[in-house]
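Next, two complexes with chain A in common: one pairs it with chain B, the other with chain C.
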Partner chain A sequence: MSKPKLLWLQSITCNGNTHSFFNLQNFDALMRAFDVLYHPLLETPYGLEDIYTKKLACDVLILEGAFKSRGYKKFGKETYALAKEYSKRAKHTITMGSCATFGGVFKEAQEHTIAGFCFNKEQKRSTYKHYINTLISLPGCPAHPKWLAYVLEMILQEREIEVDEFYRPIEIFAYTAHAGCVRNEYFEWKIDVKNYGEKEGCLFYENGCRGPFTNANCNKMLWNDISSKTRVGTPCFGCTEPSFPQRNLFFTKTNMGIPANMPFGIPARAYLSVTGVAKSFRIKRFTQPLMEYKK
Partner chain B sequence: MPRKLKKAIKKESILQTALTLFSVKGFHKTTIPDIAKRLGMSSGNLYNYFGSKDELAKEIIKYTSDYLGDKIRKVNEQDISSKEKIRKIVELYFAMTLEKPEMIEYFLRVYLSHREVFLNGCEGMICVSGFITEIMIFFSEGVQKEELRDQDFFSAFGLFMGYLGGMAFLHGEAILEKPLEEYVEDVATNIYTALKA
Partner chain C sequence: MIKKDIIEKIEGEADVVFTQKNGLIEDINLTFPYTRGVESILEGRDYRDALVIAPRVCGICSHSHLIAAVHAIEDGMKREKIKFTLSDKARHIRDFAIACELIQNHIKWFYLTILPQIYKVNHLEVPNDLIKKASKATYAITKAMAIFTGQWPHASYVVAGGVSCDPSYVEIMQAKALVDEVLELVRVSLFDDTKEIRAIGDLHRALEMLQRADLLSAPHGKEHFLALADTFFSKSGEYKGAMRFDADIKKVKEIQREDSKAKEALYDNAFVEVGPLARALINQDAIIMRLQKEHSGNIWSRIFARAYEGYVLLLKAKEALESIDASEPSCVLGYNKKDISFAGIGIVEAARGSLIHEVVVKDNQIHTYNIITPSQWNLSRGSADKKGVARASVTGARSKEEAYLILRTFDLCSVCTTQ
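Now for the complex of A and B:
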């Protein structure tokens, strides 16, 4: 049986998702299962000019980077038009990273002309209806290497991938970045870190953490198998959501001291009742470094 | 009538009676036999509902807080401006002061004056979260809609509820020169002026 043909096409990008994917532990083994026609950083049978000027057949198209409708040309051809042509022929189109999915960081430069392949932030683009049947979104800045590995493995096994409203696989994105956070006890009792880099304390109220309302499994499927933003003391920036990037990343927006965003699926009334009660207690174990507690 | 419902109604009548006696006679001067007598029941039977006078005191503050919270919630759920909501909250608070003075009296004279009774089990916001949660929702939605100015929660809360409590106190002491309801307009305008964006 012939291997599925894979083509990795870049648009306006920083290469971040490519480098993220290169950190996959079983990268070589997984790539051997595909016939990689082109990748900008790998040695491949075709070059950039070939993919712009020839009509190659491909099964899996991976898009990296944001798209400009007009004015981003190579070899006389608009990259966006090229991506649409390949996507029409491909059995699967994967938008790898927030830029290819929603517009991401590059959209900030030219808000009105740069967007994702099928989404412009949370809005559907005109391309949406033409390409949606084969689309898989893997937003993230960058996307986790194992997210792409999961999608490629599912494709190899010809298994169906269930997706959410932004075509993100629910097996990855039904979780929040908050799930599995080692600071959860501090979130429950509403005890925030006081300074950057502290190992203990919640990052939600003081440091801008968006974990409770960000769909991603970063604290379940760890980065490099060992860590995550919140584990090292950096708040989740919500990089898998269409609203990414926010301004003031280390700042939690509040309205009269009440968080402007509630954790997913939790009504404000329920959240405020519970937190009001939690804050009424002083839990000694959480007022000092954990290792000091029994000394 | 189902037994559960019957019990709930009885419980509420005990709360209401104890609330009245506590706020009129004072917390320490009111005994469980006084409350039982007023209800025409035995003290022993009353203890089936509430284990102690302190427990009753804590249940009452939750009961009054939820009563006020439910009323504010109905205002919160209306599609009107923050300015109109302030007026409605002032109105309902003053109406409660007139119709259920024992609730306000209880809050001022029992809950705020006998903290030792509430230390264990009513710490912080635990027993008053019913209405504080609604005030939080009112404030945060007001700021979200850019009708109210963003500030620390308690600086706004103190201004709003402290002011209303103060007016209820002045009314209770018969110091106000006009009927309480005639102050609605000015009080609501003052609160809105202080909190608006």
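Now for the complex of A and C:
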């Protein structure tokens, strides 16, 4: 049986998803399962000119980068128009990263003219309906290498991928970035981190962590197979969400001292009740360092 | 004869116009038709947002942009008399991550950019195991980095006054094993370091193929080098006419061309080469100095210097890990909640050379942000009588593939150039 033809097409991008995916441990083996027509790093049988000027048959289209309807051309052709043409013919279109999915960081420079392939932040674009039957969204800045590996494996095995309202695979995005965070005990007992560079404390209350209301399995699957932002004391910036990037990323937005964004699905009343109870106890263990070195 | 083309797989693409005369490349013009406007995205934001947005300039050197951003903020704070000294622990962790990102860059550049092009110039088929070699080493070194940075690319674990991570020796042990793994790969495929450093395996094969293609004799460089940052692995300086001078950031000038979105960077009104070869010469590295004498400014010394820097950085990365004292504080500055205003400059040595971030902050908000990337130095066009570095280097090349090989020795980064 012939291998599925894979085309990796870039628009307005930093190449972060290309490099993120290259971190996949079995990158070489997985790529060999496909007939790779074009890829930004690899030697491929076709060059960009072929991609832009010939109508190549492709089964799997991977899009990286944000789209501008007019004004981002190569070989006299708008990249957005080209992406739409390939997407109509492809069996699967994968938007890899938040730029290709929602618009992402580069949308910030030209808010009204740059967007994702099918979504403009959380809004559906007018052309959206033409592509949804084959669309898989993998937002993230960048997307995790295993997210794409999972989708490609499912395609190879001809399995259906269940998706949510943004066409994100539920097996990945049903989780929050908070799930699996090693600071969860501090979240439960409402103890915030005292300073950067400490093992103790939760980053949700003061430091802008968006983990409890961000769809992603970063703390379950782990980045580079070993860590995550919150594991190294960096707040989750919600980079998989349509609203990324927010402003004042290192600070939690509060109303009257209460976090403005609640963890997914938790009513403010429930949150406040639990917080009141948790805060009424002083748990000695959480007032002490997790470990201390005797000099 | 004028020929139009597009050079691709250079972290993006660039439009190229060649002028050929008598079969030789007479001149070349690289243009970048689009810019993404990262500087404008930063303006008006809280200055700490730069630690999240700036890495997004570039997928392959995001960490260098993070460090440049934090250096600019810390420099500005120090000028405003906010006194602090980074803990040795924070310094070693930053240095370790810097080393890892550079190693990752150097590996990918060698196996995915340069070596395939050398095969092409020799009209040989590119072997299909190069990707696997690059992948294996990249996987291990980025994993080692992520132990401290949380992820790669696009980490934001560095904050003013230190780092956000607080590793124990358990993490350090894991990172060390991964570095050793990469060192082993390098010792099998690139360098024999049992007695003196010697190119072996794929690196030696590159040399043989360059010899066969008669690419060792012609000079491909301007012999004027610059490194602006003092780092744990290299010193700043200017190297000109085989003499070393101190570098001065005040001599840096940036100009905007009308027909390209890329800005040009000059030092003391001259176009200079930045990158691993520049760093090695400024540091008077004996091995590279000897090589440079044999093959003046040519592509082999640039290739060897970069691969060699990767090897040196692996040793430095191990040293940094072994120097971490887990009991020290990770960050010496607390959260700053008061409004502050400052202006600062951050300089780092990124994989492709000196990278500068300049920030002006008013009441916590970024007023202006300016970035000068390594490729802006090497790719500056200049004029017909004062050509930029890469442009001058390809003059006289015998074919398009040969010109592209020379250009790729500088490892152009289109995405950085069009920040």
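Keep in mind that, in the parts below, the second predicted complex is superposed on the first by the 291 of 295 C-alpha atoms of A that agree within 3 Å, B and C clash if a C-alpha of one lies under 4 Å from a C-alpha of the other, contacts with A are read in each partner's own complex, and residues count from 1 in each chain.
Here, contacts are C-beta pairs under 8 Å (C-beta built on N, C-alpha and C of every residue); 3 or more make two chains touch, one makes a residue touch a chain.
If you're wondering where the values come from, they're calculated on a predicted model, not measured in any experiment.
Asks: Pick one for A:M256: touches chain B only (first), chain C only (second), both, or neither.
Replies: First partner only.
Asks: So, A:Q110: does it touch chain B (first), chain C (second), both, or neither?
Replies: second
Asks: Quick check for you: in the superposed arrangement, does A:C141 touch first (chain B), second (chain C), both or neither?
Replies: Once the two structures are laid over each other on A, A:C141 reaches chain C alone.
Asks: Between chain B and chain C, whom does A:N133 touch in the aligned arrangement: first, second, both, or neither?
Replies: neither
Asks: First (chain B), second (chain C), both or neither: which does A:V277 touch?
Replies: Only chain B; A:V277 stays clear of chain C.
Asks: Does the superposition put A:R269 against chain B (first), chain C (second), both, or neither?
Replies: A:R269 contacts chain B only, not chain C.
Asks: For A:S2, using the defined touch cut-off, is the partner it touches chain B, chain C, both, or neither? Pick first, second, both or neither.
Replies: It touches nothing on chain B or chain C.
Asks: Scan A:H19 for contacts with chain B and chain C and give back first, second, both or neither.
Replies: second
Asks: With both structures superposed, pick whichever of chain B and chain C touches the larger number of chain A residues.
Replies: C
Asks: Mind pulling up the chain A residues that touch chain C in the complex?
Replies: 10, 12-20, 22-25, 27-28, 31, 40-43, 47-49, 72-75, 105-106, 108-110, 141-142, 195-199, 206, 218, 223-234, 237, 239, 245, 247-251, 291, 293, 295
Asks: Enumerate the contact residues on chain C facing chain A in the complex.
Replies: Per the touch definition, chain C meets chain A at residues 6, 8-9, 11-13, 33-34, 36-38, 40-41, 45-46, 48-49, 51-53, 56-60, 62, 90, 108, 112, 116, 126, 131-132, 134-135, 138-139, 142-143, 145-157, 159, 161-166, 168, 174, 326-327, 329-331, 333-335, 415.
Asks: Using the touch definition from the top, list the residues of chain A that touch chain B in their complex.
Replies: 254-258, 260, 268-269, 272-273, 276-277, 279-281
Asks: Provide the residue numbers of chain B that touch chain A in the complex, in ascending order.
Replies: Its residues touching chain A are 73, 123-126, 129, 132-134, 136-137, 139-144, 148, 150-154, 156.
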